[in-house]
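Have a look at these structures, which come just after this line.
One chain, chain A, links the two complexes that follow: it is found with chain B in the first and with chain C in the second.
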Partner chain A sequence: MFSYYLKLGWLSIRRNPFLSALMIAAIAVGIGASMTTITVNYLMSSNPIPQKSGSLFYVQLDSWDPNDQGDDGFDLIDQLTYLDAMALMKAGKAYRQIASNRSGLVLEPQGEDERPFSVDTRNTWADFFPMFDLRFQYGSGWDGSADRNLEKVVVLSKEINEKVFGGEDSVGRNLRLNGMDFRVVGVLDTFLPVPKFYDITNGAFNDPEEIYIPFNIAVEYELPRNGNTSCWKPTDGDGFEAFLNSECVWIQFWAELRSEQEKQEYMAFLDAYVEQQKELGRFPKPLNNQLSDVMEFMESQEVVEDDAQVMLGLSLMFLAVCLLNTIGLLLAKFLGKSGDIGLRRALGASRSSLFIQHMIESAMIGLGGGIVGLGLAWLGLRGIEMLFGDYIENMVGMDWVMVLTAVGLAIMSALLAGLYPTWRASRIAPASQLKTQ
Partner chain B sequence: MLSMQNISMVYRTDLVETHALREFSLEVEEGDFISVTGPSGSGKTTFLNIAGLLERFTGGRYELDGRDVSALSDAESSAVRNQKIGFIFQSFNLIPDLNLFDNVDVPLRYRGFKAAERKRRIEKVLEMVGLASRMKHLPSQLSGGQQQRVAIARALAGEPRFLLADEPTGNLDSHMAMSVMELIAEINRNGTTIIMVTHDPSLAEMANRNVHILDGRVSDNGADTQMAKQMVEQMAAQMANAATG
Partner chain C sequence: MEIGPIWRAMMRNKTGAILIALQIAVTMAIMVNAISIMQERTRVMSRSTGIDEHNIFHIASIGFAEDFNERVTIEEDLAALRGMPGVVNAIQSNSLPLSGGGWSMGFQTEPGAEIDGTSAAVYFVDEHGLDTFGLNLLAGENFSQTDIAWRERSATDWPDKTLVTRAMAEALYPDDPDGALGKTIYVIDDDPVTIIGIIEQMQAPWNGWDGVERVVLTPTHTLFGSTRYIIRTEPGMRDEIMPQVEELLAERNKDRIVRSMRSMDETRERSYRADSSMIKMLTFTIVLLVAITALGIVGLASFSVNRRTRQIGTRRALGASKAAILRYFMTENFLISLVGVLVGAGLTVGLNMFMVETFSLTRISWYLVPAAMLILCIVGQIAVFQPARRASSVPPAVATRTV
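Right after this comes the complex of A and B.
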């Protein structure tokens, strides 16, 4: 009977194309608006590294001013000082660990006619690449000895390799950054985590960096920093060395811990480290260390902004208004079919079979609304992209989950809207309709 | 086969109570061809609706094939209607955007027959009413008489034991009406029990028994059709006088 009901639904939609189009449009507008905001919220809150997000932990140590709640009003400052980051790196208590920060350098192309240009870079450690499961197009990341021996090596993003070396295998070739030659050891494959979980402090929806260089090199040659730096008391003295020894926070620190036991042991290590530092007169606030896995950290940093959630609520309310309109239109359509319904009752259709028939018709209208709504959502996302530009360009794509969600939501909405009109239609008294046909 | 005992049907609104049927009793035997006559508002259609399980009555007892139908659920009464009763309406009631094949298919779908069985039955009944060659036509492509023949084919496709006809020729000219009536009479001769509501004395005459309804009661149960014809003619004359006077 299902295929029969589908056929009847299609005939009914065709019989009154204007009314059907109105209903599809009402659902499509609601779905388009809600899916636009749902998609943005979904991408904002999606897991960027699902295969190991539970074993990657962001490290926070509360070295902040006891009289200040913290950076940006968060309870706990979200970056580490150089002193602490280096102490944790030196201890090497985690399976893998990295300290990293955002930077920006000037790249000098080898061609005589080509002009230097600035590039976003990340100063990090060898573990960065295996820790975050980065795939390589050519070569690999550098190893620990490069960190220790201050080797001038770099890993390039696919995009910058395309730009500088035309997409060729550039491993072994030199690249000049801020007047120094670096040797290319690897070229990443496409890497576009959304959100950019490993550095939420400097923009959860920014593009990943174009070039990765050893952290120690950046320190050794006092390369500039581009990321956020927060200080709660003045440095003791001037110069880079004084900055490194200050209480300024500017480094993100991640540890890979493969089990609950490793996590507990690492937490105990952190607590012991801070207690030791307290004895040296640092860490004036009570002990407040945190290890947050990827999703916990994104939640604590409120990656999904309040505005986006308000927009989501408003768009769902708009969908509800569209559904109310659809209820009215469906009611008009189904009650307009009273004669047909009465006849089918006379010919042996039970109320339940008529109910199913009309619910299937509602679902077909919902499917139409979902498909058109997807187009509107796509337009909505393009509109958001145009409004907010680069800041949001990584959040305006729809994956299969969102496409299926849109269609599913549209069908569910139409079924919900169709419940009352369908119930009314199935209650039509056949006798009252047959004489007047 | 069909037994109604003291059936009553009352329509109630906040202000008015209308008795459509009062102590209505009727026995119909298998193979009967009964014409039901009576003035407008006498309760003919209400009787037909109750007989066809399209309306629930407010009092009395109705047995169909020995089964009390008053307590049937909606699904049960729909199944009884689908399997045992065929309907023919004055205005044909064909579904305009379904072709003849699909129109006749409607009751068979609810019966749950397989596609092959449905096709066999549809072709058989359309052949019987002389429209097998036009089964892909839409109703709008047929004359009124042909449309009514399709409606009859639809009513017969499920091989019902009862055929309930409400003014089956009311929308047809005399030539087409006679053709349709001949078809209905033939169906009766083949064993199907028929109850037909009509205003037309000459059509009532074709039945083998007439039931006259007045004010919701059977005023003459089992009158032969010649007497019924006289009564209907008298009534028609009275109505004409009243209208001119």
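Right after this comes the complex of A and C.
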């Protein structure tokens, strides 16, 4: 029966090519527009590290100015001071923990005629690599002793290894950064978290850094920082030492806590630490520490941009317009076949079989619209990529989930649109139609 | 007019009409709100930065060698840049409008840690700052060469003179902005700074900041390892001079690299890319949406003409003129559109209220609503015209035939 209905549907679609094309186009455009914005929103709010996002916690301590009226647009400062980050690192109370910040250095290639160029770097700790499940192409991350002994080691991204060493195994090779020699210990495999959850402060959709170096080295040699630095209190005196001891925040801190119990213990540790600091005259505001897991943190930092949400809302309304359009056209079409339907009813077809037949026809139109719409969504994403350029390039890829969602949404929409017209069609009384002939 | 009979005929088979009216209503809600967003973005983008944008470009210089002498490099670079033919003036600065990254500090009219200061963007410039940016000094005087300090990355002392924008003066002294000249303000709680001049207008580096006009110029050269040169050229000379400057800086000193050379025009384009993209996407959405709605009207009208062919033939046979038939379909569409835009007006305002609430967007201008109502009614009339004309050319003889 199903294949017979498919055939009937196909014949009916071919009978009014203009009307059918219009319906397929309407669904396709609606699906195309909404899938484009759904994809962007989906990627913006996607979980960049699903296997362990629930056990990675961003640490926030409220060390900020008691007189700040909050006109800077945040409730709780998002980074830590050097003093606090180092105290937490030293205590080592979490299963794993890292303090890290963004930086930029100048890389001098070995070749005589090659010009030096600047690279984005991240200053971090040994636990960064196992904590965020980074996979290596060659070698591995450095271990904790390198952090303690101020070893000049680096981990390279796959891209920079290709640029500098032609993609070969560069472990053990020398790399010159800001006039200092570093030893390569590892080369990462492709690593492109979207959003770049571990440093939302400096851009949730930036590319990951090209080179990772030990945090302690960056401090020891006073390497430049180029991430966000915010201060509220005058520093005591000039110089780097005074800066390190100041209330300026510039460090992101992550802790890996494997259970609810570990989380509670860590929270208690943080509270105790801040209470102790309060006695030393720091932390003038009321106790307000926070541990947020990856998804909670991205929620609190409003990673999904308003523009993307506005476009999503508008495009779903657009889809609604396209559906209203399709309902009208299907209704017109089905009622136009009243004669046929009446005849089939008179020959013994039941209402339910007519209902199924017309729903199948609607679904066929939906499938067509879905496939064309998928193509349009692809074009839409390319268009967005063209408009925004590198700013958004990590957010315009479609995966299988999106493809299936698109087709599913199209068929669902068409079935929904077909519901009322189909019901009307199956209500047609056999006699009244036959009489007018 | 035959509105009564048309309305009653429509009511006998109202589903199709309701669907079109709804479609028009939702279309209108999307259209007006999208246009309102576009208007707001256009307004934001058209704000002036206060500087001579078309003739300014900038380039970053990053020292990396261990024996890199930054102070000498900057002094020599600036002398070389200012000596280039076609260059009006050049400075070293930490940032510039629309660049997205820079310094902000709190300034207050009374000293004391407990006071919450007024934040302003800080540009470090020397006595050539006003000329290089092309700023207009309303009152007071420019820095002199002896005012200029050299500042290390983690230094905390602050020069004792400053120039502020008029908007900053208003923020500090809301009751008497003109009296700001010569006043002493405080930075980092209690470090005194005297306002020696007031600039007409200049933007901070962050275009989305609500204090974007609050700017302070500080007479300082920075020794931060990496810096930025801002160069103003004679009108029309910029594109010619840009590659020359890049070459000059790269060749003059091998202990540093130069990068990110951009004209202000490009900086502006990058800075507002999200906004201009939003405008383009919304324009595209509106065009597509109106087209879909119009096509839907064409489809349904054609269909109803087909279905009513015999009825039309009968009317023609009974003496209705072609014009009467045309008028019938046009009027029918007008009535549907009218209901649509009336419902649409309510929907539009509702959607706008929601968006203002949720995304803190601006409220729609009142005139957009009647304008959109008019436009959609006209679009409906245009869409229905072809099917209506086809209806009017149904020959009366059709009435006598059986289908």
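FYI, the second predicted complex is superposed on the first by the 429 of 437 C-alpha atoms of A that agree within 3 Å, B and C clash if a C-alpha of one lies under 4 Å from a C-alpha of the other, contacts with A are read in each partner's own complex, and residues count from 1 in each chain.
The rule is short, and it goes like this: contacts are C-beta pairs under 8 Å (C-beta built on N, C-alpha and C of every residue); 3 or more make two chains touch, one makes a residue touch a chain.
Source: prediction; values computed, not measured.
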item: Combined model on chain A where chain B meets chain C, clash or fit; value: fit
item: Touched partner set for A:L19, first chain B, second chain C, both or neither; value: second
item: Partner chain(s) touched by A:Y4 [first = chain B, second = chain C, both, neither]; value: first
item: Touched partner set for A:R115, first chain B, second chain C, both or neither; value: second
item: A:G328 touches, of chain B and chain C: first, second, both or neither?; value: second
item: Partner chain in contact with A:S350 - chain B first, chain C second, else both or neither; value: first
item: If touched residues of chain A are counted for chain B and for chain C, the larger one; value: C
item: Partner chain(s) touched by A:L150 [first = chain B, second = chain C, both, neither]; value: neither
item: Touched partner set for A:I384, first chain B, second chain C, both or neither; value: second
item: First (chain B), second (chain C), both or neither touched by A:P430; value: first
item: Least Cα gap, in Å, left between chain B and chain C after the two complexes are fitted on chain A; value: 11
item: Touching residues on chain C, where the partner in the complex is chain A; value: 15-16, 19-20, 22-23, 26-27, 29-30, 33-34, 37, 62, 64-66, 113-116, 119, 152-157, 188-189, 191, 224-226, 250, 257, 259, 273-274, 276-278, 280-282, 284-285, 288-289, 292-293, 295-296, 299-300, 302-304, 306-307, 355, 359, 361
item: Residues of chain A that touch chain B when the two form their complex; value: 1, 4, 11, 14-15, 339-340, 343-353, 429-431, 434-435, 437
item: Contact footprint of chain C on chain A as seen in their complex; value: 18-19, 22, 25-26, 29-30, 33, 65, 67-69, 71-72, 104-106, 108, 115-118, 178-179, 224, 226, 233-235, 237-240, 242-243, 306-307, 309-311, 313-315, 317-318, 320-322, 324-325, 327-329, 331-333, 335-336, 383-384, 387-389, 391, 420, 424
item: Residues of chain B touching chain A in the complex; value: 45, 49, 52, 54-55, 74-75, 78-79, 81-83, 87, 89-93, 95, 97-98, 106-107, 109-111, 154, 158, 166
